[in-house]
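Both complexes below contain subunit A, partnered by subunit B and then by subunit C.
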Partner chain A sequence: MNQPAVNGGFAPQTLFLGLAASSLASSFLKTEELSARSFLLWGLPAALGLCLLSALLAAEFQARELFSGKGVFSRLGCGVSGLWFAVELIRTVRTAQEVCWSQFSSMAALSVLPLLLWAGWALPEAVFDRSSRVLWWLAGLGALLCAAGLAGQLHWQNLFPASYRFTGADLGQILYPEYFALTFLCPQRQWRKAVWMPLGSFGVQAAFCFGMALLFGARQGSGLPGYELLRSWTLGAFSRFDAVFLLLWLAAMFFRICVLAHILRLLWEKFRGRSVCEVSP
Partner chain B sequence: MSRRATLRLLLLGLLLCWCGVFLRSENTEKSIVRALLLEQTPEQWNVALLYQFPEAAADSSDAAASVQLCAGTGKTLEQALFAAEEHLPQRPSYRLCEYLFLNTGSLRGELSACEPLFCERADLRLATRVLAVTPGCEELLARAEEEERFPEQLLQCAKDTAERAPHLYERGKGLLLPVVQLKEGSITLQKEALLLTETGTFSLTEEETEMARVLLEYGQEHTFTVEETPITIRRSVLGVQAAGDGFTVQLTFQKKAASATPTETQCQKLETLCAETVQRCWDAGADILSLGSVRALQDGQKTAFLTEKNACPAVQADVIFLG
Partner chain C sequence: MPQLSPKLTENLALLDEMFGSSADFYSKEVELYHCRGALVLFDGMASLESLWELLLDAVSRRTPALDETPGGSAVFDLLLHHSGLPAESSPVETLDDLTRRLTAGMAVLLLDGCAQGIAFSVQSLKFRSVEEPPGEGNLRGSREGFADLLRVNLSLLRRLIRTEQLVQEVTQADCEMKTEYALCYCKGKVSPGALAQVRKILAQAKPELLLDSSYFVPWLFPCRFRLFSPVSYTERPAVAAAKLCEGKIIVLVNGSPSAMILPTLFCENFDCLDDYATTAFFSSFLRILKYGAFYLSIFLPGAFVCTAVYLPELLPPILLFKIAAAEKATPLPLFAEMVMIILILEIIREAGLRMPQTLGHSVSLVAALIVGDAAIAAGLMSTPVLLVAGITSVAIFITPSLYEPATLLRLLVVLAAGLAGPVGLVSAGLFVLFGLTQVSTLGVPYLNDSSFSSDGVIRRNYRVLSSNPFTIWQRRKPE
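What follows is the complex of A and B.
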């Protein structure tokens, strides 16, 4: 349990699990008008651009040893990144709590927050990597069941009556701090795989957006809360699968809170001038 | 005990206190609303709720508790709904509300009024099935007082019709509503359905209703009576293609084992019925075959294809029976 990470840092799939959950949240909490077609046309280049930017910055940061914790420049970099991750942590907690309250009338997210922060602070990276594999399997199963429950209700004809007009939401890309700290977060050369994370986040949002358009129609789907897509799920006697799916999503968000807390700890230690090896308990 | 251990214990206590603050004595006993009935009269709104209490299963559409009916009236829909909820033994939960009955008296008004309600309330959903019902809330309530099992029969009728009832989110394309009626004291399903579009409410004949269901792919089994011979279809496959200025509709049927094999004349009659149904629905303002989308896919560009303004394009139907 308390073994230190061999190489330090997270596996790309561990980081992406949290990002996928966060991207999904931005999809089903979204209510503004959005055309699936323009989302694809504008969102894909934006996501690819982010991948490129992320790769270039990672290479540059590695060359300049931005996250080494040595020197004023490095400490400043760690401090700024830490602030951004702290803001992201607050945003993640707020989103999880919002869904908990609106869907389950529960304060569970706030209730377990200290426990999550403690776990995130104390556990080594290897534990997160192992847990993420289980969560990924569950997420895959959930997505499969969702697709099965919506199968008869999705119609390609619904995509057509869309009026094409650009809105700012079409770019649809949220800037996550993980994109710009890859060399710090991922072990050795694994950050090269992680540069595709913006594309993965876009894929999650695009799948949701197309699901909405295929079900509700390009015109009607705009402006409806994204929850409605989950609520339409039906399979025999189980009429409200959305609760199970949201619980699974919540687990992924809690996981993200732990990961962010751990990243904050690593950055704090770097800021104080200690190495990663000293950090791992 | 060392100072460090004391500090840890203190922190653990603090953590438990924090968790305890957010513990709530949540009561799971709720009135599970299974269906919502709306009726708009010139003077007021009437709302009836089909609900189960207290033994309804937590998340199953086959909950075994007895179904009951309560009603309320008000000047607005919200007031009427609130009045109806007042009669529930516990606070309502709409999570399993899967059916929406609209009174045939004012379908358009009722549908327009309930749209925002379904969007606003977190536990209601747009995937609810919509049905039309001829008796008013008052009549239904009186009937429920006479016969204990009446609400259960009403819910069962909705369940049996679910496959043929549209979802609320399909309202933009036009809704083909099955009509539930009270006939000689019992609940029956009218063979003719109502087509509710942006332009109004239209009644389809029995044959048109069945063909429209085939074209909309509502349900698997369909029965047509052609030349006094009943033809029961077990499964159907629909194909629509743009051809010149018009469209071809290919209907491939698999008849039920015991059903008679249709003759060529009967197939031709079904083809005529198909074309007539498309035309009838088009005139009512519903493009039930999504011909606009098929044309857009064929031409590669989005063209104006409005049912209200344009004449119905020529539709050539082709019916094939397998086996």
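What follows is the complex of A and C.
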């Protein structure tokens, strides 16, 4: 009694979970000095601009039926998008592996990669949507715990100090392929909500940047990696719960790998001019 | 489908060929209105006493006269339509029907010169009495449990739902034993599409044997591998009746007290009838405990192995020293110890379950105590490992319906965490999540947002719940 499922697209929260994890990764790995004020001044307009661009392109692509899989133009669009998503998949795997190696001294991420790719290829979108809801709950809980563990260590005067020193124009934005394929990835009416994803990614990075500033001062220290924010977490005898949060983050990254694999499958089907019709395994 | 012959001798010869060698087959030739006939039945299923009482009672009544030598058809017509005999309204016309009636415990009167038989309901089937089911404990509410006979079980349901809404369709399965099964639902509440789908699948199913409703699962949910099934089972008529009122479909099979409920949500594994008999606050507290216990039973051993072996810095120093000291005294690595103790506990559980009940409990207890104590004394296993395995083994019994997936997943998580550390633990967690979310039946996802509804993890007051009646089809979502 498995229900046949057609390509209904992903819910915006499913796509955003992966983007949030990816944005967090860029914050973990970032070591350069950056003030909260600079980040806000440059990052927010950039994020808003990206939202606008994403919305305009989505409307244009919908009008031109870029992802319909019919005609040479559409197939070319699917092919180019596919390549971009493939590059993004490789980048995501590399980032996950990098963090696993640096934090857990483990190469195991590569050994579970085939399983993740298989799951991403085989499972229908509905499964990812339902799973993302659970992962969001867990992420929320983890963030809450981390925030609670930082209580008493934050110095609010450090957030926007009176003396402002320009620390560089970091736009804080990575151009993810999801921003430009919203009409393909989301169900008909939901892509309008998904255009705000760049702002969401900015919010995640800003929260991390502000956390660093609150904890360590406006000057983020010389080459102090983002991990240090997580390591400051403490609750009585337990002091290294950053690993728990990293595990949650890793789950979200693995989830993103599955979603990207599934997107590649959908694009491949479109490229070959076949409509996608799945049966849940 | 062979029809009955008008000649009694041919019918009797056929029956003799079919059942003659069976000790319980009973055939008695009689003469009624100068017409030869025969009463056939299975001894022990139909009561001879009831039959003779019934016939004597009929004889004492006034029946219209017949010609001196009436034919079989005339006698048949008189007995079925113009006499006071309480016969079944539909006549027996085929050999299959005759077999079906006889094996249902009826007595059948065959007449010479008539290709039809008259069936009498004189069943005296012996069956297990209606008792409290041992596997589903309850503090309040009904103590009744389903018996093994389908008709008894149907009557138990009918007694609880006394409206025209309840429909109980009885059909014979296409299997070797021609077992009967019943499809029960509430007319106004069930989804007609889903019902038609289930009815069609069950009619087309060809199980070799049908001894329990669970035998239908591979036909209802065909797949090579599935951890969670979107069905649940109950032996309580009260639970089955409650589920029927939620628009669900119940499948009962003759000879089994287990009623299959479909579709089922994941969160329903954490509910029980007692929840509604206690205060909302207390039942919510219990549900949170149950959820915690379920996830603990799956992830605790894996998380323990992962933390102690790969992420020891997460543990407070005093705890870490104790674990390290205990591990130093054992020859096996912590991971192997954990796998071994989980397997031993499973063996003890299985042995306790399959042994005679009088021995089962004591054997389990003694085995657990002796094995545990001896393993520590011999230095084969450490106390923290035994403690963790013990906690998880007990925790799963809070949700017995999830025992099978939880046991398999616990092993999977331990293996993943032991072999691949934190990455393995995360991957296993993700696959558990995918395993839960991929299950969906009749358009109802197994893991949906019901956990956060008014009757989810946190239960609201029963008066509030009653004001918004729930049916399962509200949870239906387009795939």
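Heads up, the rule we're going with is that the second predicted complex is superposed on the first by the 256 of 281 C-alpha atoms of A that agree within 3 Å, B and C clash if a C-alpha of one lies under 4 Å from a C-alpha of the other, contacts with A are read in each partner's own complex, and residues count from 1 in each chain.
In this text, a residue touches a chain if its C-beta (ideal position, glycine included) is under 8 Å from a C-beta of that chain, and two chains touch if they have at least 3 such contacts.
Small disclaimer: the values here were computed from a predicted structure and weren't measured.
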item: First, second, both or neither for A:116, with subunit B first and subunit C second; value: second
item: Partner chain in contact with A:254 - subunit B first, subunit C second, else both or neither; value: second
item: Which superposed partner A:157 touches (first subunit B, second subunit C, both, neither); value: first
item: Touching partner for A:124 - first (subunit B), second (subunit C), both, neither; value: second
item: Which superposed partner A:216 touches (first subunit B, second subunit C, both, neither); value: first
item: Which superposed partner A:134 touches (first subunit B, second subunit C, both, neither); value: second
item: Contacts of A:188 with subunit B and subunit C, given as first, second, both or neither; value: neither
item: First, second, both or neither for A:243, with subunit B first and subunit C second; value: both
item: First (subunit B), second (subunit C), both or neither touched by A:102; value: first
item: Common interface residues of subunit A - those touching subunit B in one complex and subunit C in the other; value: 106, 108, 111-112, 115, 237-238, 240, 243
item: Subunit C residues within the subunit A interface of the complex; value: 197-198, 201, 220-223, 310-311, 313-319, 419-427, 429-431, 433-434, 437-438, 440-443, 445, 447-449, 477-479
item: Subunit A contact footprint on subunit B (complex, rising order); value: 15, 18-19, 21-24, 26, 59-62, 95-96, 98, 119, 122, 125-127, 167, 169, 172-173, 290, 292-294, 296-297, 302
item: Of all residues in subunit A, those that touch subunit C in their complex; value: 1-6, 8, 100, 104, 106, 108-109, 111-112, 115-116, 119, 123-124, 126-127, 130-131, 133-135, 236-238, 240-241, 243-244, 246-247, 250-251, 254-255, 258, 280-281
item: List of subunit A residues in touch with subunit B within their complex; value: 102-103, 105-108, 110-112, 114-115, 118, 153, 155-162, 164, 215-217, 219-220, 224-225, 227-228, 231-232, 234, 237-240, 243
